[in-house]
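Right, one structure below, let's go through it.
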């Protein structure tokens, strides 16, 4: 079995975390804390514009939004497709934020490349080895979500497919796993995140939205992730969560997101870290 | 949420199980018990030939074998590809058995169609909605394995993608889920299988090989599946398990498989059922 | 760690299963299949009498019924206590069946000893090491249920407490574990049962009632357990499940239990086994 | 089912958290953050003395140590018993710290009452309803650990047994649950902790030692717990972890614990909270 080990993702003793350049001057993995925010699904021009403005004003670094949505049921909203990608790219350009969106299938890849700075591989596709191989070839930065049924080792092996394919611009994202307790949507495995950070040289971020599914728990888990050493967050924000077409109950309002962004600098400072771009922002502000 | 329900897969009161025609006169879902057998991975001409001869002689109805292998590690054996499919198709023709193999990706689909009678969607791809949609269009019979992290409802929803896409020739296959107890490879959920059979009109089979990962437990679980009402089995058989390139520890030897096939008729009879093709075989034999 | 291994419960190569004498001539672990049946909770004289008569007529070997009920909520019915034990003992004597009931705490032990032939340690108490030590001292036969959060190794270690305490009259009972899929009450781990039978010399039985929580699945799982090699069953039967004070939805009606008992002999015969006491019964019948 | 709800533990809208007085002026649940620390098992006079001195100097508020150890194997170290309790009480008195130790069984209760200020009910006993009822009668403060196989609702119901028995001096302690990923000892459910804090008026603390089982992850998870809003920590510290008789790999060294205690005030301040007794300490220090 030794020959099947995921070795390219491992952190050698003393080795620094890989820095992933996301575009527009945003780097993830340089020790500072990076925040990716935006709506679960891209719905229409107005919603995308309001979302982007809100998260930018609050200090987010990267804009997220889903154009192709993997849905349990074939009858649920499946996403705007290319129209959504256009809206996302426009807002990213306008606000000078790199944008990220999920690619569900190899066949969507060339289209995605035209619009997004960062590719996301979703939890349901972590084991889609064909997709991993093709995404590796793109050399585009990629966020690899942990499958909700995947062990930590399997997650690292999935990342190994990307590195072995020639792409080391990989960010791992813990988003909760399944356990016998179904009170919440998933069980956020922050200790697993911390274990992966020790073992791998890849930066690791946390999604406190899908992992809980409950708005009031998103900020506590976002702060916990920062305190536990994560390199950043991917968090869902919606201008009007009560009308969201997808996962409204877990979306932060712009006001809640603003509050989170104001709490992060002090919390990070307590553990000797900084929010990405925070110096610049405060310099401008002062 | 009501509008997102998987309704096409449901069994109406008194509705019969859908019969799926696999080719060469083999039907799954007609009340009789059908056995799919063969090696985990297709390795070479000799191994495929010996496997096919062994399972045919013992009374198997369908020949299985993987040409594209989804492997946790990029460094593990990934399968013979088209060469494997050729070997499989040859042996199926020779022994008058329909053949089944796993399709991992949309891009493999047209190639697969040239060689296999039945498509298999593996556990890691149950949530690959793009693949489900494309497989639906083929109208080819398909075995849909349950994801090892998927709920029973999600499994039915994945099947709904196939039926909603116009293909009702769908067989569900329970192959074990993950639980906190990792003594065995997976936790075989036979009660979940029985629950799905009640709720859905699709035939349901059981894979006692992947679910346990331990050779000595395969026959007990195969018999348990038959006693619990499954429509059939998918079981791994290898002429020399100790040399297998993939999952040798869970492969039955031809002798063990023969013993299983001899036990099944009596067991099925005790619950008022029959082994598929058993009348014919015994008629010839008498 | 080697010195902490559970060695007394292990089966040496070729070693026979321990035979546990339950009283009234009933032995569990002699290769034949033994059925323990009765209501979840003892409710009143009429219910106990009807339950006992029904299960005896259908061919059950041991009568079960709970007098002390471990309930998640302090406000749920907690059992009849000693009055229940009296009713149980009376019916056992009347029908010449040994009786079994759960002991929840060391303080109940001397009382239980006056009424029951077999002690049951429930799933929630598998890790109650103080109770295990005291039950060991009684030398009374004991059914040790697997905790729903316990690994197979931990279950064997709990049994080791009993054997190390001087009591080898121990029967293991698989009753389902927790998994991420909560469609059913628990996930019945039949493969785990089969693994334990291989590894340990203790007889192993299966509880298809608590493990599923659904009446229609009890018979399929009971048959599956028999086919997989279990030494017996513990199954809940209630004269009028719709009025049961505890777990009515999983109780078999007397008619369903009768049907199960008629199916078992043929099924067991297909795997070379017999129902306990079946020869006698059929001899009388012929 | 409504009548079986755990209502006494619920938090009414706007209701404050119950304050639990642990002795020696330490209160848990008053908004400040309280730290319980000490060795897993009490081993001998020297180890207890060194542990107590170390945690006191670093600023811990309560001293912990196990005298009766619930061990999976009957052959593992089972604890010093009363001798351990004496050592613990002596050090508590000497350092003016309330002490806590686990009670495994009703029969140990009167002995425990002579030595400890706070009773601990361990994870394996959360469902030991007889023990819960007897502990309720003592009116002594109690830390109720969540069972590693227990849902959040079941944990609240177990606490309801205590409150319904007349004791509201109850502290809940999240210590990790079992999941399919066994890389770490358990899966720490911090979001579950936060959910329970919202729903219940009982204070909730976190055990980052048992939940991870890995020394290097204890501090990240302790900080995460503080950031997520927990009322305190229960953490294992050993003067020489490499010689510990129990759970050495998860014990912090005194130096690591000191570092944790120095990080907590700043982290808590970032979310508007304080370390318990911190004002006094800093006042003395200035």
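As written, the chain order gives the labels A, B, C and D, with residue 1 at the start of each chain.
In this text, a contact is a pair of C-beta atoms (placed from the backbone, for glycine too) under 8 Å apart; a residue touches a chain by one contact, two chains touch by 3 or more.
These numbers come from a predicted model, not from an experiment.
Chemist: Mind listing the chains that sit against subunit A and also against subunit D?
Modeler: The common neighbours are B, C.
Chemist: For the pairs C-D and B-D, output the one whose chains share more C-beta pairs in contact.
Modeler: Of the two interfaces, C-D and B-D, more C-beta pairs touch across C-D.
Chemist: Roughly how far is subunit C from subunit D, centre to centre by C-alpha average, rounded to an integer in Å?
Modeler: The mean C-alpha positions of subunit C and subunit D differ by 36 Å.
Chemist: Can you compute the centre-to-centre distance for subunit B and subunit D, using the mean CA position of each chain? Integer Å is fine.
Modeler: About 49 Å separates the centre of subunit B from that of subunit D.
Chemist: By the touch rule stated above, which residues of subunit C touch at least two different other chains?
Modeler: 149, 153, 178-180
Chemist: Just say which it is for the chain contacts: an open line, a closed ring, a star, complete, or other.
Modeler: Basically all the chains touch each other, so complete.
Chemist: Considering the complex alone, what residue numbers of subunit B touch subunit C?
Modeler: Touching subunit C: residues 149, 151-153, 177-181, 183-184, 187-192, 194-195, 198, 211-212, 214, 216-217, 220-221, 223-229, 263, 266-267, 269-271 of subunit B.
Chemist: Tell me, which parts of subunit A touch subunit B in their complex?
Modeler: 3-6, 70-76, 104-108, 124-125, 127-131, 147-150, 153-154, 157, 160-161, 164-165, 178, 180
Chemist: Which of the residues in subunit B end up touching subunit D in this complex?
Modeler: Those residues of subunit B that touch subunit D are 149, 178-180, 182.
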